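Below is one structure, written out as structure tokens; comments come after it.
Chain nomenclature is as follows: A, B and C, assigned in order of appearance, with residue numbering initiated at 1 for each chain independently.
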Amino acid sequence: MKKDKPDPNSVKGISRRNFLKGFGITTVGAAVFESGQATKNLKAAGLLNVSDSIPIEGAKMILYVNSKEYSVHIKPKETLAEVLREKLELTGTKTGCERGSCGACTVLIDDNPVNSCMFLAVDAVGKQITTIEGVASDENLHILQNEFIENDALQCGFCTPGMIMSSLAIIKKNPAPDDEYIRKNLSGNLCRCGTYPKVFQAVIKAAKG
Amino acid sequence: MIKDFEYYLPKATEQALTLFSKNSAYKAGGIDLLDLLKENIVSYDSIINLSGIDSLDFIDTEIDLKIGAGVSIQKIADSQPIQKYCPALSESASEIATPHIRNIATLGGNLCQKPRCWYFRSKDFDCSRKGGKVCFAIDGENKYHSIYGNQDGCAFVNPSGMATVLTALNARLQILTKKEIKTINLRDFYYLPAEKLTCEHKLNDGEILLSVTVEKENLLRKNYYCKIKEKQSSDWPIAEICIIGGINSLGNFENVSIVLGSAAPIPWRMIKEEKKLEGLQATTKYIGNVVESSFSDANPLRDNAYKVKLFRTLLYRGLCSIAGLESER
Amino acid sequence: MNKKEKVSVGLPDNLREIIIEIPEDEPKPWDGKSELNYIGKRVKRIDGIDKTTGKAKYTFDVKIPGMLYAKFLRSDFPAGTISEIDLSKAQKLKGVYSVLPAQDDLPLIIRYAGQEIAAVAAETAEIAETALQQITFKHTTSDFVLSVEDAIRENAPLVYQTTVKEKTTEGDLDSSESSVVQEGNIRGPKIFPEDENAEKFDDYLRNCEVIHTAEYRTQVQTHSAMETHGVVVEWGSDDKVKVWASTQGTFSVRNDIADYFKLKYNDVRVITEFMGGGFGAKFGAGLYGIMAAKLSRATGKPVRLMLDRKGEHLSVGNRPDSLQKLSIGTTKEGKIKALKLISLGTGGVGTGAGTSGPIKNIYDYEKIYVEESDVFINAGPAAAFRAPGHPQGAFALEQAIDEMAHKLGIDPLEFRRINTTGNYIRQTQYVLGAEKFGWDKRNQVPGSIKGPIKRGFGVANSVWYYIYNKGFVATVTINRRGEVQVINGVQDIGGGIGTVLAMIVAEELGLEPDQITVKIGDTDNGFGPASGGSQTTAGITPAVRNAAYKAKIRMIELAASILGKTTDKVTMEGSRFSDGDDISKSLSFQQVAAKIPGDEIRVTAERRSDNLGREEIKTTIDGVQFADVTVDTGTGVVKVNRIVAVHDCGRPMDRLTLESQINGGIIQGISYALYENRILDRNTGIMVNPNLEMYKIAGARDVPQIETIIMDFNQAMNSTGAMGIGEPATIPTSAAIANAVFNAIGVRLRSLPITPDKILAALEEQSK
């Protein structure tokens, strides 16, 4: 038996730690809390770098969204959904329940679908975030988007961005997903219009290419 | 609305330990924590993020099965050694919540999450577990509540799918305190309401759950796991069972451990039944006898008596499965 | 001036010709013999790209400079009186612009937990929420009732001290009822037929050869649209009001706001570019719309008021529950003689709990007697919900029909057949559905399958109605570059009406749908239908086609003048105009358009009455669904394996989006049958599951294989012949599932939702 210990924090070869230092939390906020409790705690913890904490009022950080860098001020308590929608104006990501139950806010973080409403934006620093706005390349729709349209895998469309993000994760992980795999991996996305059967069709067709 | 907090990103558990101060909380995946913060059930001055600590994120199968507390539920579900040596654990992991949550939620978070009782989770109810005077569930809407351990002022069910299986596997927890790394048996980890009403487990404030170990001899035994949900897409179980055990060369049950989930405030061991089964011939008739006599000590509430019937089915099916028999129920 | 046209009507394999009379300026209706390029085909949505790329802007996404965020303070007790409210502390908070009470004058009577008390508008949502916590009030609490049974008891606490007038919305069926009385918490009964004598009817029923009587219960279901209710209101300094609303009735929002604030209709503009689902709950401005407008007026800034998920569950609508006692009397041979329904239901503090649609409108009978009442309880108000009253009514009726068939020893489908002989659409539907489903393979003796896992088949009928309103105005324009647009105020709630409008114009002008620009979702675009009663398509499409036809006539006239011919000599092939005498001389659409005098052709047409002076038009929309389920008798878990649905809806427009609507109706029906339930804590009256975690909605793994048969049924009653499908498809699903469960386990589940605890209890009861 052997150790199964991949590096979950690597972002295309850059370890998250370096990435964080290099591009992530800048020292803009440093002056603000240099003398504060945060720093005392950090020093006590043997951490020298202020980039290892974020004060209540937040700090400027780099988010890497849809292959673009965004410099944005983030408070620790802000969720990724909030920051995407309110600060980056990426309103394609919806929130339907604010509790990770409906999946409307699904984005990919390093290719894994997550509920951006239940994910702190600061935790996304240094990671690759893909939102619905980043699925098509230039003017070309992704095959999944095409299949969603061709198969009418949408009605009111409010759940659609989340549904597509989960579907994208499916076809990235599994080139030939079967019905059961698709259903299981879409089980975090609610569609009140009841469009699921056509979503399944669209995913199967998109996976086939 | 979440109250503002400071955020720390330690790289090592020792740093995290030091960073913990009076009104701090650790966060791993943060699913449970964010839920509580958003509902204003809790608020903290500082939150210490453990998810950047690499040493919490490992699955080690060298001698025993050792899983870091920071391993995501999805990683447990996908781990091939776990699928091979401990199918109940991967099955349970793969059925927790949604794929989205499994990607983020961790083993430690799953084991230590607060109750999912709807009274506890709502700011509108000042319930006993939140320090209030009454348990609203006992005389209220208790369809999803406990049938055991519910007579001491709180009727929630332990929500951890991982705990059900790991309790059956007699797992041990390694916990980092300021003084040492201590080991607690998972079977001793959780408090019944009679022991403590506002605290669910023995992980004290500021301590860090490092890992969970299942000893080698508890792997490679027969596994049965079943989770019943009302709705198949993302739902909390209404009943859950894990049976780990064996059949000896004489065809008798040997070393069986049975744990129920969604039955009590703690993973509920069926110790009496385990004893009855020891050395018992594994036939449907004997299994039936054990099942018939079980659950007489349950204390169903007004709306959850159905759980007894449900658990009987699961117990019967599980024991048949361990014995390699076809279930007639 | 009218003209006469010969049209083919009926089902495709059984067409007959009739002569109809239609207005001069309308085209000959599409009929059973029309060969069309797009209508009736599978055409993809025109807004698919916007919706799949995240570009689509919903009200939820609207953000305008200076916009404030508003939130409601809600009561956390179900009954009482607020005598004083102190808003001053909240008002003083930095970033707070306005705090207003939900009701101008006190006392404010609280009738349910979740009722609005006050609203705050602030710079950020966070400040608004902080401000809410600063609002204090003095109140007393009083006794409350949470169920129909408790509310009808003698001396039950009264929800209302005064008589309640029924609030009607577009989604409701006719509710003009002057004679309804209110006593205690009961509003009703409404009796049908009005002159029927209950005792005489009971005598008649008693004398029937076979009688079945049973009680059926359904639960409260909340709409739970993915986009919550909400608006952004911009009250201009000139007192012109612009509203972005997540609504299924742009004009009803406009009217509500204009009426409330005594503004001109012309000064209120409502925009609904995209909206995330309504299902009947999103007509009118709602209190949230009125409050947002007040806050915007008070602050001079745009105000966004979107409800959160909890507010959505609590305060803006639900499907009432029901307690229905239903009796059927038949002859020994199985002919229905008498039907009786005593129905109680609660829409909380609202009305609309009637369930009698199905019992009145599906089967042949000699005599019927219906008493139905609304019962008030201390819970959030009901709203129209996809086929109001009908899923409840069908759940009771269609199970009772099944039970009667079982009692008589007649196949349930055959029993339905012999009692709907006058309806040839239904007769056809039974045959088509049974064959596709494999009805003959069903388990003949309910509950007889060996082993713990049992499979069963069930069937149930639905009924809905052909509803349309008149006066909708569609505009079609063609400019000198040959660009075509169709304009109307109607909103697309997900059914795809915009696509259908493009298809119709394209069909009429020989163009392709994606060549047509569709402008909808704006009250400045001309009166359009609210999406309720499944009337959107039936309401607006004839006007659109008629407008396109008028534009075409203008183009033909123009082509004729270019070709130097009279119009009757110009033929149109696709979008080309040819000289009938010499077809080598032809003009493209663009060539003709280039000669448009001025800038554009702009024509409008109105939705008129269907053509008159002809035999009766069939006004029911019929349907039948078959369900295949598996029940695990050890755990009580029900799995729906397959649904076959047969529905007619007049002439289908876009078969692709139509199928989606049917799928959606069925899936909502499954969700209603097995999972959904608004649960109020019996001791406090507070909803314990106001989220999407414990309010359980069917997800990807709960969806069966669904097969739909859409019957083309041409009546040529207007230029398009469209009817609606949004509602019919959700009506029979829960009943078909319940009947299949009976077929599987041999025990009746007369209460929704059919959850494992109920199955296990029913099986235990049976084994006693």
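Everything that follows uses one rule, which is that a contact is a pair of C-beta atoms (placed from the backbone, for glycine too) under 8 Å apart; a residue touches a chain by one contact, two chains touch by 3 or more.
Nothing here was measured: the structure is a model prediction, and the numbers come from that model.
Chemist: Could you name the chain whose Cα mean is nearest to the mean of all protein Cα atoms here?
Modeler: Closest to the centre of all protein C-alpha atoms: chain C.
Chemist: Looking at B-C and A-C, which one has the bigger number of contacting C-beta pairs?
Modeler: Of B-C and A-C, more C-beta pairs in contact link A-C.
Chemist: Let me have the rounded angstrom distance from the C-alpha centre of chain A over to the C-alpha centre of chain B, please.
Modeler: Each chain reduced to its C-alpha mean, chain A and chain B end up 28 Å apart.
Chemist: Report the inter-centroid distance (CA atoms only) between chain B and chain C in whole Å.
Modeler: 43
Chemist: Rounded to the nearest whole Å, what is the centre-to-centre distance of chain A and chain C, using the mean of the C-alpha atoms as each centre?
Modeler: Taking the mean C-alpha position of each chain, the two centres sit 35 Å apart.
Chemist: So which stretches of chain B touch two or more other chains?
Modeler: Touching at least two other chains: 232-234.
Chemist: Which chain C residues touch at least two other chains?
Modeler: Answer for chain C, listing residues that touch two or more other chains: 693, 698-701.
Chemist: Going by the touch rule set out above, which residues of chain A reach two or more other chains?
Modeler: 98-99, 101, 183-184, 187-188
Chemist: Quick one: which bits of chain A touch chain B in the complex? Just the residue numbers, please.
Modeler: Those residues of chain A that touch chain B are 1-5, 7-9, 16-17, 20, 37-38, 41-42, 44-47, 52-57, 75-77, 79, 98-101, 103, 106, 109, 112-115, 118-120, 122-123, 166, 169, 183-185, 187-188.
Chemist: Note which residues of chain C are touching chain B in the complex, please.
Modeler: 76, 113, 125-126, 129-130, 451-452, 634-637, 639, 674-675, 679, 681-684, 686, 688-689, 693-694, 696, 698-702, 755-757, 760-761, 764
Chemist: Provide the residue numbers of chain B that touch chain A in the complex, in ascending order.
Modeler: Listed in rising order, the residues of chain B that touch chain A are 2-11, 14-16, 18-19, 21, 30-31, 34-35, 37-38, 46-47, 49, 51-52, 54, 57-63, 72, 74-75, 79-81, 94, 97-101, 103-104, 232-234.
Chemist: Applying the document's contact rule, which stretches of chain B touch chain C when the two form their complex?
Modeler: Residues in contact with chain C: 1, 118-119, 122, 124-125, 136, 139-141, 143, 228-236, 238-239, 303-304, 306, 309-310, 313-314, 316-317, 327-329.
Chemist: Touching residues of chain A toward chain C in the complex: what are they?
Modeler: 85, 89-94, 96-99, 101-102, 104, 131-133, 135-136, 141, 145, 148-150, 152, 154-161, 164, 182-184, 186-200
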